[in-house]
Amino acid sequence: MANPRELKLPTRFGKRIPGAAPGIYPDQLDKLAPPKLPAGPVKVTVIDYAPEQVEMHGVLDFEAFLQSHRPAWSSVRWINIDGLTDLKAIEALAKKYELHPLAVEDLLNTTTRPKADAYGGDPQVAARLFIITRMIELKQERLDSEQISIFLGHKTVLTFQESPGDIWDPIRGRINARGSRLRVGDASFLVYTLLDAIVDNIFPVLEHYGDRLEDLEIDVVGGRKPDILLEIHRMKRELLLLRRALWPMRDVVHQLQGERHECLSETTRTYMTDLYDHVVQAMDILETYREVVAGLAETHLSTVNNRLNEIMKVLAVISVVFIPLNFMAGMFGMNFERFPWKWEHAFPAFLIACLAIVFGMVGWFRRHDWI
Amino acid sequence: MANPRELKLPTRFGKRIPGAAPGIYPDQLDKLAPPKLPAGPVKVTVIDYAPEQVEMHGVLDFEAFLQSHRPAWSSVRWINIDGLTDLKAIEALAKKYELHPLAVEDLLNTTTRPKADAYGGDPQVAARLFIITRMIELKQERLDSEQISIFLGHKTVLTFQESPGDIWDPIRGRINARGSRLRVGDASFLVYTLLDAIVDNIFPVLEHYGDRLEDLEIDVVGGRKPDILLEIHRMKRELLLLRRALWPMRDVVHQLQGERHECLSETTRTYMTDLYDHVVQAMDILETYREVVAGLAETHLSTVNNRLNEIMKVLAVISVVFIPLNFMAGMFGMNFERFPWKWEHAFPAFLIACLAIVFGMVGWFRRHDWI
Amino acid sequence: MANPRELKLPTRFGKRIPGAAPGIYPDQLDKLAPPKLPAGPVKVTVIDYAPEQVEMHGVLDFEAFLQSHRPAWSSVRWINIDGLTDLKAIEALAKKYELHPLAVEDLLNTTTRPKADAYGGDPQVAARLFIITRMIELKQERLDSEQISIFLGHKTVLTFQESPGDIWDPIRGRINARGSRLRVGDASFLVYTLLDAIVDNIFPVLEHYGDRLEDLEIDVVGGRKPDILLEIHRMKRELLLLRRALWPMRDVVHQLQGERHECLSETTRTYMTDLYDHVVQAMDILETYREVVAGLAETHLSTVNNRLNEIMKVLAVISVVFIPLNFMAGMFGMNFERFPWKWEHAFPAFLIACLAIVFGMVGWFRRHDWI
Amino acid sequence: MANPRELKLPTRFGKRIPGAAPGIYPDQLDKLAPPKLPAGPVKVTVIDYAPEQVEMHGVLDFEAFLQSHRPAWSSVRWINIDGLTDLKAIEALAKKYELHPLAVEDLLNTTTRPKADAYGGDPQVAARLFIITRMIELKQERLDSEQISIFLGHKTVLTFQESPGDIWDPIRGRINARGSRLRVGDASFLVYTLLDAIVDNIFPVLEHYGDRLEDLEIDVVGGRKPDILLEIHRMKRELLLLRRALWPMRDVVHQLQGERHECLSETTRTYMTDLYDHVVQAMDILETYREVVAGLAETHLSTVNNRLNEIMKVLAVISVVFIPLNFMAGMFGMNFERFPWKWEHAFPAFLIACLAIVFGMVGWFRRHDWI
Amino acid sequence: MANPRELKLPTRFGKRIPGAAPGIYPDQLDKLAPPKLPAGPVKVTVIDYAPEQVEMHGVLDFEAFLQSHRPAWSSVRWINIDGLTDLKAIEALAKKYELHPLAVEDLLNTTTRPKADAYGGDPQVAARLFIITRMIELKQERLDSEQISIFLGHKTVLTFQESPGDIWDPIRGRINARGSRLRVGDASFLVYTLLDAIVDNIFPVLEHYGDRLEDLEIDVVGGRKPDILLEIHRMKRELLLLRRALWPMRDVVHQLQGERHECLSETTRTYMTDLYDHVVQAMDILETYREVVAGLAETHLSTVNNRLNEIMKVLAVISVVFIPLNFMAGMFGMNFERFPWKWEHAFPAFLIACLAIVFGMVGWFRRHDWI
């Protein structure tokens, strides 16, 4: 509840007012109410790198940054923006890097479905590849999901995150490492690396669910735990949400693998194929989990039915055996004046009759496989 | 019941008599019985706009309007007709704007499935794009659905609504706003904007269901509410109806995005791609809701079964423990003359036997995990 | 049972003997046993029409008819044959109009799946479009289904029906009406009109099921009606049969809409697109109905389970409260000689103990939400 | 069990040893263990025919037959081999007719999935069409299935059956009949005819299941028969097996209809389209049956639940009414010394109290719709 | 548990750290921690063969082996590596045979999804076909699964196995056999043969499940065995895992059959078609098994329900008959002072009343089909 980024059933959509103009143009941004996100300082980090050199610095004076040009040696510039609350900054970046208004709108709406849009191809629109994806992590046993928006230009990569803190520190390390293949690559290879990290990060999440699933299975088969039903329900639901988040990411990678776009180098596309294999494997495991959970739910239902059956069998056997005996005992407890059987051996006869009934019943049950 | 536009299971179709001629030609309209819609005055509104100028007025004298020509400066004319009961007016418009008879037929039948038909391409038929869609709103907690028919010509847009009142007022405002992008766009961009408003309007409806779904989930997991089954049923059904309304709209937008038609500008088609993403996202959320409801129904069934199981367990334990005790008590209440056990310690012995039975039973239940 | 044309689960197929020669050639027809259909006179009606003129007459002297030629002014000749029992007549027609043997075989077998076969394209086979479809009507609350076979040549349409009586009288009326669009159209437009009437006729059938479905829903939700299960079963089954009949018709219209055949004019294909929309809408409604029925069956099952649960709860509460009381009452009814409690206040104490047990039990049930 | 050809769940596969060489070359055949089939004499029959002439004879001296050439007038030679146990003969035929080793392997393995393989196209491999299909019959109420392998060359057809006895006698008769269309056709037309007979033979099998299904439905709806569950299970399973056998046959015919192979004449492909319609119809009926059975299983389950509900209701009503009465009776049967109510009208009061309880309970049940 | 190679629900993935560089380059291998596999000596075996000659030897001195060249007469060299723990050796091989870094990464990760990747086509990347598949065996009644990685070059085949011991000994035998077709074939034919052995090996596994399934069916239909539910669950799960392993293998073979790659000869592709048929057959059987198990689970559930029904019926009949009798007996056991019925024939009357009640009840049950 406290975590605004928790992956949950979507019930609130940050959609603009119906009928409003499509797309958000840079000059509209200052009139917009900021998205309902945890407020906080927006952090902009710039990394310039080339095979020979690398420079990494946080941006303190944003105005100055916008005026400045990139160093001549820089082959790729990666600008990472943490936080979407400073619309001014986004406006300035949108203007400087000619981001498409529809893309800016999607970027600010943090419930957008993962997708990849290619802009450009004709002279008046700048060639850009716009990718929306979700970074999925486990935080305190709960699925945490953050929208990541990536703009890829010819030599520039812009990444927008909802809030600071990400899983890309190893990548920053690799950029710093002299001679790493990443530093030799172009901007599209950086985007591939970022996506690869996001996809790889899904596997620990899957491992978490795999473990829980194994525990759940032991509990269902053991049949002891009382509130297992709710756990199955929760499991089902979380896997559904996870699948909902993963499925469009699969489409995005598939599209990137096949897309021919001027910002996407041939080498990167080869690597995208490998990435696609990973996404498919993640989906495959997820679907297997979902099938197993569905099977567990069925088995649980059958187990409950079986136990009910057994309980009823015991109840029925005991009742059916004792009900006639009870009646006999009751009959001989009646206070009639003239009770015919004042017979001497009445009690032993009663006992024998009782035993006969019991053995008859038990025999009948045996023959019908009840006990 | 009172609302003729409520979205419900279709059981009445406004189809013509089987065997009747296909299509409705303008000259047939005056012989037709008006469709079974709430009667009322038909309101025609005309908006002419160009980047520089805009004129908006209701049509009072329909005959005069038909004779008049549009102002020379007008780059787009949008004629909105509220109400389908004045067949004369529709006849006049159909003649003036060369609407295809099949399209007129679909327009008058308010249960037509959303679709997009392209007419034209050969000289004798006027180039028109005919779109049928549904405007879905929540009115007093109920789904309200209205058929919207849109004709797109080169410079003209005709929209037909079942009844007055719509969600397009913001668009009218944007047309009035000098310098808005809408006013610079062509007729097809106006159609895109209208469709966009309709699709955006689905999200508040989805939010409503998302909220109800969350409440429902709490109730199911809590297991307290008695008539939850009917609520699940109602939810399932409404989502089914919503899906039935959305699914063909997805096809319509997909078709418009891919269609190459002379009335559809290239820019508009780019925007249609964005619209398509929105429809897909709406469908995606809807399908997720449907899966969650299906899961809730299953969980509810299992919960009921579980509770039954527990009830039966308590009943069985109590019965099974007391039935033999009862029999013993009954046995010693018999009125035989010669009762063998006139033993002094009979009662304490009886009590001990009872306790032994109770403890034996409880032990057995313990071992079998009943209690 | 009495109605040989009732739409039901197919269990008898009018297939020829396995291994028999494929196709039925005109000269084989006289050796064939007539199909097992209600015998009766075969009625042949011929309609010749052109924009200016129309002639309609039943054929009494079949031999003479075969020898005669059509009037020179006739632009379309429609021959309608009611009844398939006069194999001689079919043989003569097959010879005269060069019908393909495989088509004749399918035409005589009244359980053929709706389909459209195109013959021709090479010189030695006459260009024909052969369409099999089913006319579905409601007769006394039961689905009635009749196979309709249509041959379309360049200027001729042959239609074969299983028995007299059809839904095409409005079409005959339109042919008679001077200036109707049908009379201006070619032979393929007539075929479109015939198919259109058949498809339009499905909607009243759907309305019937829609009404029954609404009644059923009220009954299920009310939960009162005892034999609702069988009604759901019957509904499910009839919708399955209806779907089985409609599905291939959808394929037929889809094929006709896309097919380029020399007997099919371009105008007709435009109209076929509209017809296809209608079939798709019918299928769409049918599938919605099927989903609703499936949902009803599930809701019904859950309702039954819920009621069982409630019944068991009442039984369990009463049993569990009274069983210990009964035991106590029984205990104090025992006839021991030395009954220890000859205490003065035994009975009031007993009553107090009973009340204590009752209140304890009820409190326990309350805490566990049973009552 | 006794019938080795009964269609059943596949659990034994006649696959060669893993790692063995693929394909069976003629010179390997004599080293192979014969397939585990009922041993018996292998019968070879040869039919030569041309429009003018026909010759049919069993082969007694196999060696001589191999040396001999076909008569010059023969346009088609059909060699039918009943039994797969004489590997020598198969070896000789494989050599003479240049059968592909992979095809020979599939032919000897009687659990091969129906398929159509085209060989040839390049000079060193003989042009052959190799078809594996299954002949399905009902023998003593059980599904009997036999693998049929067909090789089609330019002028030769080879058919291999597992054991003597088939459904092709009418075809042999038609070959004998002077002037039959079969005799005028080429070798591929013969293959079509053979496949057509196999497909037509499925319809009587379907009729058998259709009849059983109708009986089953009456039993389920009647709700009387005790072991109906097992019958539903058996039905489901047999339809599953039948579907498993039919489905690949559909693919085979579909492939033959579309395939352009030098051994397949254009006329034959037209006829294959008709055959494909028949297979599709058979599949369609089968799927309908499967849906009906699934529906029956659900209805049966609901019926059982309903009956349980009713039983429990009766039990609950009786128990709930009598349990308090019993307690009262028991209470007044207690042997306290000082029983307070030695009132004169105790017994009538007791009876009145009992009646009050009964009427109260019954009223309560009425209000809650139990009775 | 003890078996690290057992086919089970995937819960641990040998993925690298998210954000790490994609692919593993030869020079990184010595820095890597070896995969978590049973440690053990890595065994390298080299087989050189040509139609005329064959040489097979284990590699003891790996350094020397790397320096040496293959004999001039060798047409195919097959290097098999058992064990993935010696990263040095893998590094050396990766360098020598120019294996792609992404392929090396997949090879070391033993949970990779089966796939086929084609490298090459442009000058700087060596043409390689990289195939990952799984060898599935039954070991002590449990599914054992091992990842097999195959590199195919022009004249070289490299195979990597997780641990020693495989199913390829017959293939080694065939290489040794002078004149075997395998020895005449090229390197891609060897790969086909290896894959063929892996696929053929699935059939004994399927046979095992087929047998278990038949036993299971007898038990379910018999309805006697108590823990059948868990067996069904286990069966379902193992078939799911098997399917998960087989499904991507089907894709791999399908891809190889269609792929045009310079290392894949035309002959091999023909054989791949046959292999594909086998995989499809295996999948087909597996899906049939899965459907049968699903059907068994349903039948089992219904059986349990049926039995519950019967138990409740017996319990209800006995209870309902005896409860009123008990009440009567209790009533006449009351100790009222003034008991009205001191009638002489009270006891016989009581007995007659009891019998009347019994017969009435039984009659009622008969009429309602309870007994």
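First chain written, first letter: the chains are A, B, C, D and E, and each begins at residue 1.
By our rule, contacts are C-beta pairs under 8 Å (C-beta built on N, C-alpha and C of every residue); 3 or more make two chains touch, one makes a residue touch a chain.
It should be emphasised that the depicted structure is a prediction, and the values quoted were computed from it without experimental measurement.
Separation of chain B from chain D in touch steps, taking the shortest path, is 2. Copies chain B and chain C of the same sequence differ in orientation by 70 degrees, per CA superposition (steps of 5). Centre-to-centre separation of chain D and chain E, using mean CA positions: 27 Å.
Distance from the chain A centre to the chain C centre is 43 Å, each centre being the mean of its Cα atoms. Multi-chain contact residues of chain E (touching two or more other chains) are listed as 301, 305, 308, 312, 315, 319, 323, 326, 330, 333-335, 339. Shown here, the protein chains touch around one cycle, each chain meeting exactly two partners. The touching residues of chain B, counted against chain C in their complex, run 9-13, 15-23, 25, 102, 106, 112-113, 115, 117, 224, 229-230, 232-233, 236-237, 240-241, 244, 248, 297, 300-301, 304-305, 307-308, 311-312, 314-315, 318-319, 322-323, 325-326, 329-330, 332-335, 339, 341-342, 344, 346-348, 350.
Interface residues of chain A, counted against chain E in their complex, comprise 167-171, 174, 180-182, 192-193, 196-198, 200-201, 203-204, 206-207, 210-211, 213-214, 221, 271, 273-275, 277, 280-281, 284-285, 288-289, 291-292, 295, 298-299, 301-303, 305-306, 308-309, 312-313, 315-316, 319-320, 323-324, 326-327, 330-331, 333-340, 369-370.
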